[in-house]
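Here's the structure, in structure tokens; my notes come after.
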Amino acid sequence: MPLINIPLKDFLKRALEEDIGNGDITTELTVREQHCSEAVILAKDDFIVAGLPFAKKIFSILVPGITFQQYVKEGQRVQSGDTLAWIKGPTRALLMGERTALNILQRLSGIATLTGRFVKEIADTGAILVDTRKTTPNMRYLEKYAVRVGGGMNHRFGLFDGILIKDNHIMASGGVTKAVESVKKGKHHLMKLEVEVKTLKELDEAITAGADIILLDNMKTETIREAVGIVGKHNPSPHLEASGGITIENVREVALTGVNLISSGAITHSATSVDISMKIL
Amino acid sequence: MPLINIPLKDFLKRALEEDIGNGDITTELTVREQHCSEAVILAKDDFIVAGLPFAKKIFSILVPGITFQQYVKEGQRVQSGDTLAWIKGPTRALLMGERTALNILQRLSGIATLTGRFVKEIADTGAILVDTRKTTPNMRYLEKYAVRVGGGMNHRFGLFDGILIKDNHIMASGGVTKAVESVKKGKHHLMKLEVEVKTLKELDEAITAGADIILLDNMKTETIREAVGIVGKHNPSPHLEASGGITIENVREVALTGVNLISSGAITHSATSVDISMKIL
Amino acid sequence: MPLINIPLKDFLKRALEEDIGNGDITTELTVREQHCSEAVILAKDDFIVAGLPFAKKIFSILVPGITFQQYVKEGQRVQSGDTLAWIKGPTRALLMGERTALNILQRLSGIATLTGRFVKEIADTGAILVDTRKTTPNMRYLEKYAVRVGGGMNHRFGLFDGILIKDNHIMASGGVTKAVESVKKGKHHLMKLEVEVKTLKELDEAITAGADIILLDNMKTETIREAVGIVGKHNPSPHLEASGGITIENVREVALTGVNLISSGAITHSATSVDISMKIL
Amino acid sequence: MPLINIPLKDFLKRALEEDIGNGDITTELTVREQHCSEAVILAKDDFIVAGLPFAKKIFSILVPGITFQQYVKEGQRVQSGDTLAWIKGPTRALLMGERTALNILQRLSGIATLTGRFVKEIADTGAILVDTRKTTPNMRYLEKYAVRVGGGMNHRFGLFDGILIKDNHIMASGGVTKAVESVKKGKHHLMKLEVEVKTLKELDEAITAGADIILLDNMKTETIREAVGIVGKHNPSPHLEASGGITIENVREVALTGVNLISSGAITHSATSVDISMKIL
Amino acid sequence: MPLINIPLKDFLKRALEEDIGNGDITTELTVREQHCSEAVILAKDDFIVAGLPFAKKIFSILVPGITFQQYVKEGQRVQSGDTLAWIKGPTRALLMGERTALNILQRLSGIATLTGRFVKEIADTGAILVDTRKTTPNMRYLEKYAVRVGGGMNHRFGLFDGILIKDNHIMASGGVTKAVESVKKGKHHLMKLEVEVKTLKELDEAITAGADIILLDNMKTETIREAVGIVGKHNPSPHLEASGGITIENVREVALTGVNLISSGAITHSATSVDISMKIL
Amino acid sequence: MPLINIPLKDFLKRALEEDIGNGDITTELTVREQHCSEAVILAKDDFIVAGLPFAKKIFSILVPGITFQQYVKEGQRVQSGDTLAWIKGPTRALLMGERTALNILQRLSGIATLTGRFVKEIADTGAILVDTRKTTPNMRYLEKYAVRVGGGMNHRFGLFDGILIKDNHIMASGGVTKAVESVKKGKHHLMKLEVEVKTLKELDEAITAGADIILLDNMKTETIREAVGIVGKHNPSPHLEASGGITIENVREVALTGVNLISSGAITHSATSVDISMKIL
């Protein structure tokens, strides 16, 4: 858990509130307030674990100081049947936090696991796998965390902490050169500048305009390879990011072109939940 | 959009804030404040559309009264290339709302589409497909909406508006009969009572205790069929819900057993985003 | 206190803020920050106690971990002069929390006491006393809690966790049968369905349409008795709820008709505060 | 409605949210989104009206710009059957706002009506009726408004905008004189200073210490009369406020003693709701 | 820290969030989570200290229970090089709270120091220095605190806890007498009444109308002296507050006229930050 | 005003709430609700204007759609007596928004004006003036805006959108080289990397480690000049930022050394408010 992140803390509280509302009718009518239990969180699939500190936080919101022992580390690969964590506390709290904690764990582990598959494909190529802004609304912080746990790197967090000039920006400002110049004049000096291009002609323009990084949008592998060759002739040469249509099948091929970065929306927007359950002992 | 739903409205505002933070550096430096544009939202896949009213709300939060014309209806099946909506307004607003609106649309349409596939399988069987609480944290309202758009029905929204006695409740309260009695004494009179069972023996107990609905947890198709036979001999007979391990492959088979309801976590937790893009004209 | 109920916790915090604002001028100028005291909360009337856990929470918000010993149980009948609780902590906190804690205790105990009077009247009749949505804005959770403490049962909490088709719904949807059908098609399977009727003719329609519960709105005792006879001839027979104009004088008479439920707005909207004070020792 | 009062606006929004939550199931399933209606708000009792601007606000939160015509003025005395307001808009909004709007109107009108009875008793005496801090948590602004509508005056709003030294403050600071001195040294120059006394001896101390107003706590009418005589001999003479045990039966007698102010907790904490209903036309 | 002040607590949390957002990239990449340090807060100027309890709160928000020892008292005059406080805790927390804590300390100490200079000038004159509402938005509570630490007194906190009739109010209500009468009729009895005047003619009107305090707006010293003479002839005589254009150069001269109060916007709106730094040991 | 910035909008609302609380007693008692007025905002000093869009927002929060005509542009230099804006609306709104609007305008214009003085000094030198994080808590967005209006550039907004390795980070991670390497491995590819150095020896290390920008902390002008010489020999050469002890007297001298950037805390933390008033016509 980060030291301070009010939106994240709010997110977790609200998630509990979404599920519990005015109370867990079933639990309140069947379990006494003083009843305590132990429970384990169990893997029912093989996957890379991500999200345990947030699952812990969920139970801690319900009962500050509740016992939650993590049995595996974030990023560890587990098998079906493995125990991920052990919890001890009021039974009501265990039952009321269960679904919310599992929903977070299942999604984050799903993302970490999918990311891990992509990363493994390109491990020896020098290319870096990065995520995108194609994340679940209000879960970006958590999902980008899961990407890192899975071995990927983060792209910018949002529109506020990184610059990426896209075709629409270029159109609205009257060309690559003009767009780059406007940005250079106004951005703070700790920010680099990335430009998205769709053709090799645009690539040339972006190089000349002085982009730090150039995003090759939806190019064929062949063209990407050509692009790598072109920038290689410049010094300093901008970095290249391949993006669009990256799949587990083609990611290695793209990486082998020599690009520096490969960004994939799929690792967040098309990850599916892994199976995790909680069992009262 | 519901008339009043503060958590939902907050959810959409926060989603925008998550992406934009202190500002969209790139857009603010390349697009003049007064610059206006038209844009279309385009399908890049074949799918069932869900979420357009929320996409509209996203742009309306940025610019109250912005023009957003829906070209297709919620629940309509579209093909790659179809125009879903047409927007007109300040270019900055279009660019700043784009990612958030698309992330919502892509996820909700993904859920509606997957739900639609399940529903189609069982359309002629009399069984009803319902969702679960295995939804993305803080998106439950939206995801359950998408399930309805896709032709499914909703299960309870949370722990507060429906009663489902599970194994842990039974254990903590000392048996099915005791649990059911405790709940009957305390619940308000507009609520029914559902009990989860794992065996036919527990099924008998649940029937005797007077459950209104009985959830058959992770039973084989054969056992489910047997259960249908058993409850059929009672009058009034409780409804049966099959749950656990339901896939697109086996859903029809389960439906043909004669159960009343089939619940699937997969339609929300394992739906992947469909591809939708926004294009400035 | 429920484990998680953000609106409730906010309600209590805001209540303190409403009273204290930027500070308690008098107390800050007359009592040193380090000064500590003991205090007792005293009954000045005879009544049924409700609300002590929330009074405790009020002081705990001011000073986490403050000592607050409950001397009587919720629901206990006390007499003027009885000590309800004993508090020990910074004098400033005692004085700043006093009014808010008492305002809550006085109102909740007033509701529990009035509810208790109604319940006593019908104790041997088989009829159940339930509350309504005629509660103080933003205090519904607390007031419905007080009703339970006083021996009553809760009706639905709001428009979201129970279905009650009223005359206006019937008018807008074109008749009882149509309204009931629309609701049956859309409601989730854990919800029952209640319909409000004003005449015996409407009662017949509601029975035929298949209502689970029927609310008899503002009917004379005689007519209610007739209604009880009518539903008795059906199997399964819907439950009956008498509502409208229920007073402490007529509640027994209504109960003796054989209705299952009697709902009373008076127990919440016309309860007056009991007298409770805090005394620094 | 005040121009800006964020807690009040939040209070109204939350009240709606409390009732509606994730939606009004019954209304959404029986009334089409486009269906419009007219409705009237009707008195079912004789009372003084208070709260119509807030009832209007409730419907306006649901549908900005909804038509809400006030037929009577705040503070007007109405009879059973009188129309208080006429509303026109989406039927769903009318039904979803109904209960919350009525709950507010019923309570505020109840307070205004009770206040009016007290005020009438003392109208010719020169004494002023004021309220206390014994109000419903989080409704103080609204309830003090209703007191003014009923003809009373407000005491301080909270601990932050007025000074009242009570017995506990005196005890903790070591005597009346010391307490008054501490307060005089620290309070801002726009604040007066009131001291609570229980005996005529304490009254003398308070006069000598230089209190601007003196609250006579729970004194017999006779003693109050004596107190009036005592302060009358001083110039400038502090104002006197009689407090504690004021009822509709004794308020006139107390007023005739010549005190300047009479404060009553009963007008807020023991007002009961008047009967008001909404009827769709 | 006051016991309860939700806006203040929010202010401090938001200030941290403003600086940290989604995380302190630099610190998280260079300092291990477990790394602990000690640090001191050092004066780099000569000044009056104000704000240490709030600096402590900043670090406590990051790490509840963190060690923060105050080495000097609020209001103490320190010299460059003096240690103000000593902190011990996780290095990340120290680095992430540093800037926010210092920004608060620097500003509040700047205000206390400037206030101290004004107060010293008039220490022997009997006049009291008070602040105004010319404070930094949302920091008024803190800045008025710093004024008190520096030896000044507070004027009203806002528009809600004190009455000051200005020229615009007089114009809109039709004259001093009418304005004063309206206010007297409506204000609660614990509030005094201050009127702003620009000429001696208006002063006469205000005295006759019965103002408790009269603010002399932007008058020359000579005229102020005359005003003091005029009110001196009345019994009881209203207090006088000189305001407008008060500087460190002329404050003594104004005080010597015999006015009771001198208000200065400069002590808040024109105080500059003192230099304070944090050093990891 | 940015399209979406929830913290900013909250900031403005809260600022109004801070001043108005439960109401503007004086205005509500002296000005009728329907009374309307025109007013002008006037300069009483010579300065650079900043903040008018936010002043407008303040009045718009009170009365949506209120008329507010800006007479001068942001960044324009005005003289005492110039009209900055003309407002027309309910008198109550004008009086209740006045102080908050002016407090914002006065502070932002003060910052823009001071920034303008620094910028003018170095206009012909090629050096760029940037701000720091030494801003008023919760006003950073507004104050950094004022810096831009005054002709300066912004440094990073917070700890989350730019990397600056300081001495404490270097100490905690074990040297410049190690710190730089850790950051390079973890930062996203759109971020540059700045390192703070105190000596020329550290400068060498930072250059070797590959810093993009190097901050020269509190160096003498002479040493800064030497540093410029040193980096000039490298290709690519990192940018240099001079920081610490920059005053209006020495800023030109520092700029003439050839550094790329000069950062000044004084332009925000030591700007004093300019004089601006509102006059009802």
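By written order: A, B, C, D, E and F. Residues from 1 in each chain.
The rule is short, and it goes like this: a contact is a pair of C-beta atoms (placed from the backbone, for glycine too) under 8 Å apart; a residue touches a chain by one contact, two chains touch by 3 or more.
The structure presented is a predicted model; accordingly, all values stated were derived computationally and were not measured.
**Q** How many links in the shortest chain of touching chains run from chain B to chain F?
**A** 1
**Q** Along the shortest chain of touching chains, how many steps lie between chain A and chain C?
**A** 1
**Q** Can you check whether chain D and chain F touch via the same residue numbers (shared by over half) or via different ones?
**A** different
**Q** Rotation angle, chain B onto chain D: superpose the C-alpha atoms of these two copies and give the value as a multiple of 5 degrees.
**A** An angle of 120 degrees brings one copy onto the other.
**Q** In whole angstrom, what separates the CA-based centres of chain A and chain B?
**A** Those two chain centres are 23 Å apart.
**Q** Centroid from C-alpha atoms only, then distance chain A to chain E, rounded to Å. What do you get?
**A** Their C-alpha centroids are separated by 46 Å.
**Q** Using mean CA coordinates as chain centres, what's the gap between chain B and chain E in Å?
**A** 53
**Q** Mark out which residues of chain C touch at least two other chains, giving numbers and ranges.
**A** Residues 7, 14, 17, 20-23, 28, 96, 141, 157, 160-164, 191.
**Q** In the complex formed with chain C, which residues of chain B make contact?
**A** Interface residues on chain B, with respect to chain C: 128, 130, 153-157, 160-164, 188-194, 212-213, 236, 239, 241, 260-261.
**Q** Could you pull out which chain C residues touch chain A in their complex?
**A** Going by the criterion above, the answer is residues 2-7, 141, 157, 161.
**Q** Over in the complex, which chain C residues touch chain D? Could you list them?
**A** Counting only chain C, the residues touching chain D are 7, 11-12, 14-15, 17-32, 35, 37, 91, 94-96, 99-100, 102-104, 106-107, 133-141, 158-166, 168-173, 179, 182-183, 185-187, 191, 265, 269-273, 280.
**Q** Which of the residues in chain E come into contact with chain A in the complex?
**A** 13-14, 16-17, 20, 22-23, 61-63, 90, 92-93, 96
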